[in-house]
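What follows is a pair of complexes built around chain A, which joins chain B in one and chain C in the other.
This part shows the complex of A and B:
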């Protein structure tokens, strides 16, 4: 096995990282947890001139609240995110997704931003981030740009990120209290498995009436997708069996899955529907609990 | 919705080399002048507990010597005889009987020399853990073997054991006596099947085994638990997918062996002693059979839970879902009540 890289660089600031990326003319690779990058380099049996470790960059290691926004640094690991009070209180489906991701050892290394940049259609944290309408903050040679996560993802492993650019943060508006959310995953075993399907649902209520709905489906299209028809259908409705079934059926319409070693296209389309029904059912049961803060 | 079901399956598996292949083991044991026993057997302990078995059965053959005084010399074909390969669930039966015989032979030497030293009948000498006793006389093992050496009695003995002959099988797999020994097992599995997704959780397994007399109960339980977990992997997750003859599964990231979360909360091994058809010890192989009945026990439990038969392994969620759909047992509706506040 050849050496995977010639230089391992640990910049201390974003500017230093950008300088390095520019110096290597886009041939350097960014490493955070490395749980996808190392495997890919080994699989491709290639050697890169440099990897740039973003783990030591000032300001990328924390989850903070800024002007009503949750800001997650690019070096925040999945394990660190699991311990975040703000995520547990306001984005529980993201916490559920992280818990369903890989294993404790991998979560200790892997970062949320890495899961996003890896752009797997099956990436577990992407559906909840899409329902949070997360934006990706990117620094490049010509300054800072920002993009909605949905637009950032182009296809399997493909994003709008240029080789000389660096994702520094993910951010999303702090969800107002009064919402409920759920993440569902179907895998071939109970841990350490890539999703056959995953789904995230986020709903806002006025009493029993849905005032806003966001649904994202993983592993059923080249990127994680929103199920907008189902979302529209849920608006102003109350969740009963018929509504939940109809929303599930509509969600299937947002999918265009493929056959692969983990499942057939037909099964995946059906399971997208099943997971949405399941998440909606879970949310409705939660909503009816007297202890829910939004309960009237 | 989830449905529970229970299934069981029984299996028998031939142990030892069979189909007309002779199965023989040769071992040597050497007594030392400092009162220890060295086993020479060029076999490999591949994690199944061969060393413990050899020491326990030699201790038994020696008439009750502590296994702590017994050591297995690093196996090497340069200094040790050939007990045959570690495989075919044969070691406890074939090598175990051989080592026990070697123990018996050395025990006779010890007792004979001790009786002569004390001046009593051989029948009066008893073996007690780390010494020999005749009435009030106590003899250290080292002294007995030093005396034996002075008398020119060899302290390194060789013993062999040959399993019952078997006959070859014809092109239809038939023969007069193709296998000389079977182990038996029945596994009972309780499962929970998700009727929307086809996911299967194995909740509990009771595994009843007849492998004759169990030599090392703790290790035997571990063997059964491990075998059940391996069989569970074959049943539910492990698959080598080929495309045009090329494996699409190239690593353990896609060849899915069960994790601790996939293992049942409870695997309960139980042993019944049905004896053994030959040999002096009443032992039969346990090794491989723990992987066998669990597969059909789980798929029978899936059938019991859902009415669906899965006939291709592994029973992945999709295969179970398709089998359920074929018999109209997939649930596709929300379980939420139609009315508002339940």
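This part shows the complex of A and C:
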């Protein structure tokens, strides 16, 4: 087995990290939790000249609220995000997705930003982040740029991130009160499994009527995708059985899955529909509880 | 080229020169002789290499040793001694939660990580905390029972002020 890397660098600032990336002419790799990168380097038996650990950069370690936006630093671990009151109150599907991701030990290492940059079509945190309309904040040699997460993801393991760039934050508008959301996952085990399918649904209501709908589906296309036809169909409707079934059927239309060791394409398309129906059913049961809306 | 690593291991400050590509597991076992931390799958699936890094359970096979620079590591050797075992170690031994023993250090370190955050975990919380630790012998039942017993014992000591 070749050595995974020759140098391990721990910059203290974003600028230092960018300088290192430039110095290595894009040959250095960024490491945050390392739980995907290390496994990939081992599997591919490859060696890189240097890795740049962003875990010690002070400005990247917190979740904050800034002018109506939730800003998540690139070094925030999944376990830290689980403890965030703002996510628990306003983005419960993201919290559910993190709880469904890997194991306690991995959640203590892995970062949310890393799950995004890894760009797996099955990445558990990506569907909820897409429904939150998250944006990726990127620093590079020519300054800062920002991109919607949907545009940032290009394909399996592929993003618009250049080798000399660094994701510093994820951010999304603090969801307005009055929404309900759910994350659903089908894995081959209840824990430590890569999703066969996953899905996130986020709905806003005026009483029983849906005023805004966002649905994202994972593991059914080269990137996580929004199911826009199903979203449009839900607008102005009330969630009864027929509406839920129809939304599920329309969601299936947004998929173009593949066969792999975890499931067949046909099964995945069906399960995308099933997970959307499950999420909608769970949301409607929640909405009917006497204590909802619980937003003060 | 070796790199300088300073960290606290089981309460002791250590300074070492390490291969920058070494994982924490290798440094603990091969340079510090702490063989309690096991190498199983080497890719974060089995949990046999679990240690605490700044109080949180992590799979040390996926932690570059230099990530522990200026941080605190606790291994199974830092918990108790044969004469004075930690309540988790005692419960695992007494309640039959150990068969071949290979997964035990990782199981116990995951358990310590959980109990630090949640001293009175539900059975569901225990199962969730142990989801990243594989045991091929016991079927997990006795491991969960041992964790419950140890949590009770720790709570009893904490109430009695003897812990």
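Heads up, the rule we're going with is that the second predicted complex is superposed on the first by the 293 of 296 C-alpha atoms of A that agree within 3 Å, B and C clash if a C-alpha of one lies under 4 Å from a C-alpha of the other, contacts with A are read in each partner's own complex, and residues count from 1 in each chain.
Please note the rule applied: a residue touches a chain if its C-beta (ideal position, glycine included) is under 8 Å from a C-beta of that chain, and two chains touch if they have at least 3 such contacts.
Note that the coordinates shown come from a computational prediction; the quantities given were computed from them, not determined experimentally.
Undergrad: Looking at A:267 after the superposition, I want to know if it touches chain B, chain C, both of them or none. Which is it: first, second, both, neither?
TA: In the superposition, A:267 touches chain B alone.
Undergrad: Look at A:127 in the shared chain and tell me whether it touches chain B only, chain C only, both, or neither; answer first, second, both or neither.
TA: After superposition on chain A, A:127 lies in contact with neither partner.
Undergrad: Between chain B and chain C, whom does A:218 touch in the aligned arrangement: first, second, both, or neither?
TA: Neither chain B nor chain C is touched by A:218.
Undergrad: With the two complexes superposed on chain A, say which partner A:190 touches: chain B (first), chain C (second), both, or neither.
TA: Both partners, chain B and chain C.
Undergrad: Between chain B (first) and chain C (second), which does A:114 come into contact with in this model arrangement: first, second, both, or neither?
TA: neither
Undergrad: With the two structures laid over each other on chain A, which partner does A:175 touch: chain B (first), chain C (second), both, or neither?
TA: A:175 sits against neither chain B nor chain C.
Undergrad: Report for A:7: first if it touches chain B alone, second if chain C alone, otherwise both or neither.
TA: second
Undergrad: Applying the touch criterion given at the start, work out whether A:102 contacts chain B, chain C, both or neither, answering first, second, both or neither.
TA: After superposing on A, A:102 lies in contact with chain C but is clear of chain B.
Undergrad: List the residues of chain A that touch chain B in one complex and chain C in the other.
TA: Common to the two interfaces on chain A: residues 39, 103, 190-192.
Undergrad: Under the touch definition given earlier, write down the residues of chain C that touch chain A in their complex.
TA: For this pair, the touching residues of chain C are 1, 3, 19-21, 23, 42-45, 47, 50, 53, 56-59, 62-64, 66-67, 69, 110, 113-114, 128-129, 131-133.
Undergrad: Residue numbers of chain B touching chain A in their complex, please.
TA: Touch list, chain B to chain A: 196-197, 199, 201, 236-237, 241, 248-249, 253-254, 256, 258-262, 316-318, 321-322, 332-342.
Undergrad: Along chain A, where are the residues that touch chain C in the complex?
TA: Residue list for chain A touching chain C: 3-8, 10, 31, 34-35, 38-39, 42, 51, 53, 55, 79, 99, 102-106, 108-109, 190-192.
Undergrad: Can you tell me which positions in chain A touch chain B when the two form their complex?
TA: Of all residues in chain A, those touching chain B are 39, 103, 186, 188-194, 196, 208, 238-242, 244-245, 248, 261, 263-264, 267, 270-271, 273-274, 277-278, 280-281, 284-285, 288.
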